[in-house]
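What follows is a set of structures to go through.
Across the two complexes that follow, chain A remains constant while its partner is chain B and subsequently chain C.
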Partner chain A sequence: MDLLDLIDAVQSVADGVLFGATYALLGIGFTLIFGVMHKLNLSYAAASIGAAYASLLILAGIEAPAIFVFLMAAVAGGVIGGLVYLIAFKFIPLANPLATLMSTVGLLLLIDEIIVHSTAGVPLNYPALFSDVIIPMGPFNLRGDLIFVFALGCVCMVVLLLLLYRTKLGLATRAVSQQPIASELCGISITHVNVLTFVLTGVVGGIAGAMTGAAIGMLSPLLSLPLTVKGLIVTVIGGLGSIPGAIIAGLVVGGLENFFQFFRGVSERDLYIMLLLFAFLIFRPGGIFPTTAGRD
Partner chain B sequence: MDFYFGLIQIIGVHTLLGLSAYCVLLTGQVSLAQAGFFAIGAYVAGMLTVIAQWPLVPALGVSALVAGATACAVGFPALRVKGLMLVVATVAFGEAVRLFFFNFTYQVQAGNIRLGPHGGEGFRQIRYFPENGWTTLDVMLFIWAVVALVMAGLWWLNRSRAGAVLRAVGEDELAAQSTGINITAVKISAMTVGGVIAGIGGGIFAHYTTHIEHVQFGVVLATFAIAYPILGGLSNVFGTLLAVIFIQGFLIEGLRFMGDWRNLLFGGLIVLAMNVRPRGLLDAGAMLALKRLFFSRKERSDA
Partner chain C sequence: MLDVSDLVTAYGKIEALKGVSLHVESEKITCLLGPNGAGKTTLMMTIAGILQPRRGSIRLGGTELVGLSPARIVARGVALVPENRLVFPQMSVLENLLAGAYQRSDKAEINVDVERMYTRFPHLRERHQQLAGTLSGGEQQMLAVARALMSRPRVLLMDEPSLGLAPLVVAEIFSIISELNRDGTTIFLVEQNAHMALQVAHQFFLMEQGRITFKGTPGQLAEDEVIQRAYLGTRRTAG
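Up next, the complex of A and B:
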């Protein structure tokens, strides 16, 4: 391999790491919901894509600069998150994890179909910000839209971490995820925390959906299944319940994805990511940052 | 009439898929790997009848063995984790199998065409049924003979000690372990049986569709596999059958007159069903009510 190939490889890995911010945000969402409810919300990535679509719909109605699309996606994500809780979790007994698993799968299909139905299955263009900006760094070029997506992802993560570790709401959320009964005895309303977690992760998901749209340049309902799988993989590799783990795993998975795509082609790319996950499950089942055992 | 025979074939094969997930779900494990075992069964059986020119039944036997062995091998690392981790691990396995077949090419020259799986283009010309003069009715009867056999086997298993052990592990692992049950062995056995059933189902699937490709075995099929037993209820095997008829017969074929709206209703009705009957359509309560309905006269005479 000569030098030019190496530069190309590094370039594509760097692009992947920047895009990995989306995976990181989705991984955080899965981790937070699982932490609080001990339930898997499989409709999460579909809801995120749905929020991005909703933001396009709102923007088509009113005149606003393109940056508003992200704000709208966040708002729509929050609303959809609340609805997901109401439809797929509220009325199903907590002791039955299979039922909520199935109801979120139903919701995933429903959201996908609503998107297909309302857009006639045609992928929509998504406004990319700073797509004409290219920052040269020596032999490498960093794409402006990817940098923006990455920066937005980082801001989101910082805000989320501050929210979780510096506010009362965050304290309550962490309390419920560690000991639901004890926190209820301390006067924390579990339903309240659950709803708020769903809205919060919905907002994060909406931004992640908008970031995916901006980075790829278009939106399609076909994105929701791959994003679900990638988000889950990131959650497990990072360590269930660990937010820093999800961030690192998201960036690593994004980078490795492009690495394998560069060397082995697009059709084998995901195969190696799955193998990586299996390696983690066998040698380090707790992920990068395993949660400390013995809480129950 | 052939349309209805075709539909009944689909229901039969999907029942096998659902039953394979049912075995694993009985032990409380959610496995999204069933589509992977199904794919292995489909490709193995297809290659045996097309390339090696085997008859169908031994080919199905081998595909069942291969899928079962794979399930057993996957069971060891995968069942060390549970809950969400197991879901993700099995999703990853299913996707890895799918991607393997996406990149898998093994063709032989036969006359002027090449036979065998060809990567992304899939595996065409699995023409065992037409070549051997099976009509749609014959195929349907064959499929349902297999389904009946498997269902009878599982029904018996359910009522035997082994079924009680499976349920014990599913209800409470800790309690099961403290009564001396080796839970890892139980889970892996359930996984293996599930793999065998999925392998048979996949082998039949390959032969009635005549063309298989990797996209058919994705996450969606895996979700359908667990959807049937969860929607139908785990109390017995007929719940799975009922759910397959509900989904394939009613939601997919029966609502065809609704055009585009059918797909919207599909997801919505699954959500609704789970909200109304969280333990499945045919749960223990419903079974009791049915029993009372059918055996009421006998009970009265006993009393």
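Up next, the complex of A and C:
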């Protein structure tokens, strides 16, 4: 391998890490809902793409600036998040672990169908910011749109962590995830926290959906399943329930994805990511940051 | 202060409480004794609003508590220190205390109360940044009590605070219980450790198979032959 190839490989991995911020956000969403409800919300990535679609449909015909479209995706994400809770969790018996798994798979398919029917299955162009900016760094070029996506992801994570660790509602959310009965005894309403978590992760998902659209340049109904799988892989590799784990795993998966794509081609890429998942499941099933139980 | 009357709570078809009536007097320590499976924890969980009774009423100074959410019940002035403590393991001691004050919004007063808890439980001050899950069992129990007190309850319910603790720690917990009571807190205590309970409580109830089968003062309790055999493990030698 000569030097030019090496430079290309590093470039490719760097791009992947930047794009990995969207995986990290999706992973955080899965992990937060799992933390609070101990349930997987399989419709999460589809809802995120749905939110990005919604931002396009709502603003159709208006020459809205890209940043406004992203904002609309976040708002739509929050609304969809609340709806997901209402449809797939509120009236479903939570004691049965399979019930919400089924209801969220159903919702995943429903969202996909709605997207396909409202767009006739044709991919839509998605606006990006700074897509014409290229920052040269020695032999490497950093793409402006990817850097923006990465920066937006980081801002999102910081805001989320501040919310969780510096506010009263964050305290309530963590309390419910660690000890639901004691939270109720402290006067925390579990239902309120659940709704709040779904709306909040919905906003994060909407932003992740918009970031995906911006980085790829378009939205397609074919995005939701691979993103669901990537989001879940990131969640498991990071450690179910761990936010720092989801962040690191998201960036790592993003980087490795491009690494394998560069060396083995796009058709084999996901195979290696799956192998990585299996390696984790066998040798480190708790993920990068296993959730440690307390003494009780 | 707290009046429970004809309370029935069931899990499916099985009635765990079969018409329980009792009265917790203001500024006293009332103790509920009973074997495992008698329904003591069910009673506590029902008073706290975690479980819904099938019928009956729970009144706190005239206000009906049945049907209110746990959050409302905390706001009305009932706090439960649950069985097995149930501290938030991944949160610091301080955060646990703040969670206990979740219903309150008087920030300055909350900080005063945190300081008060640190003074009463010096261990908690030393470890205020430590994760609650890393505390010893006794310290977790202190934290659970302090957390419940952070809501400024009118009645403090305690479900087996001595469970799984070393005798020295149990003695410490009980001295804290009587101290709290001297400062004017009404306490309703579930306990299996009858010896310790006898030293602090003013009023006793015995619960067996979902029913109250005895009610009396510590003196009457100590007199009762059956209770002596079952709960104090000593039989008075004849003559």
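Basically, the second predicted complex is superposed on the first by the 290 of 296 C-alpha atoms of A that agree within 3 Å, B and C clash if a C-alpha of one lies under 4 Å from a C-alpha of the other, contacts with A are read in each partner's own complex, and residues count from 1 in each chain.
As a convention for this text, a contact is a pair of C-beta atoms (placed from the backbone, for glycine too) under 8 Å apart; a residue touches a chain by one contact, two chains touch by 3 or more.
Being a predicted model, the structure only gives us computed values, none of them experimental.
Undergrad: Could you look at A:P65 and tell me whether it touches chain B, chain C, both or neither (first, second, both, neither)?
TA: neither
Undergrad: By the touch definition at the top of the document, which applies to A:E268: first (chain B), second (chain C), both, or neither?
TA: first
Undergrad: State whether A:C186 touches chain B only (first), chain C only (second), both chains, or neither.
TA: A:C186: touches chain C, not chain B.
Undergrad: Considering only touches as defined above, state whether A:L171 meets chain B (first), chain C (second), both or neither.
TA: Second partner only, chain C.
Undergrad: Examine A:G138 and indicate which partner it touches, taking first as chain B and second as chain C; both and neither are also allowed.
TA: neither
Undergrad: See if chain A has more residues touched by chain B or by chain C, and give me that chain.
TA: Looking at chain A, the partner in contact with more of its residues is B.
Undergrad: A:I282 in the overlay: touching chain B, chain C, both, or neither? Say first, second, both or neither.
TA: The first partner, chain B, only.
Undergrad: Which parts of chain A are in contact with chain B and also with chain C?
TA: In the superposed arrangement, which is not itself an observed complex, chain A uses no residue for both chain B and chain C.
Undergrad: Over in the complex, which chain A residues touch chain B? Could you list them?
TA: Within the complex, chain A touches chain B at residues 34, 38, 40, 87-88, 91-93, 96-103, 105-114, 116-117, 225, 228-229, 232-233, 235-236, 240, 267-268, 270-271, 274-275, 277-278, 281-282, 285.
Undergrad: Could you list, by residue number, the parts of chain A that touch chain C in their complex?
TA: Those in contact with chain C are residues 168, 171-172, 174-175, 178-179, 181-189, 292-296.
Undergrad: Can you list the chain C residues touching chain A in their complex?
TA: 48-50, 69-71, 74-75, 79-80, 82, 84-91, 95, 98-100, 102-103, 131-135, 137, 140, 147-148, 151
Undergrad: Would you pull the chain B residues touching chain A in the complex into a rising list?
TA: 25, 30, 77-78, 80-81, 83-85, 87-89, 91-93, 95-96, 99-100, 102-103, 119-120, 218-220, 223, 226-227, 230-231, 260-261, 263-264, 266-271, 273-275, 278-279
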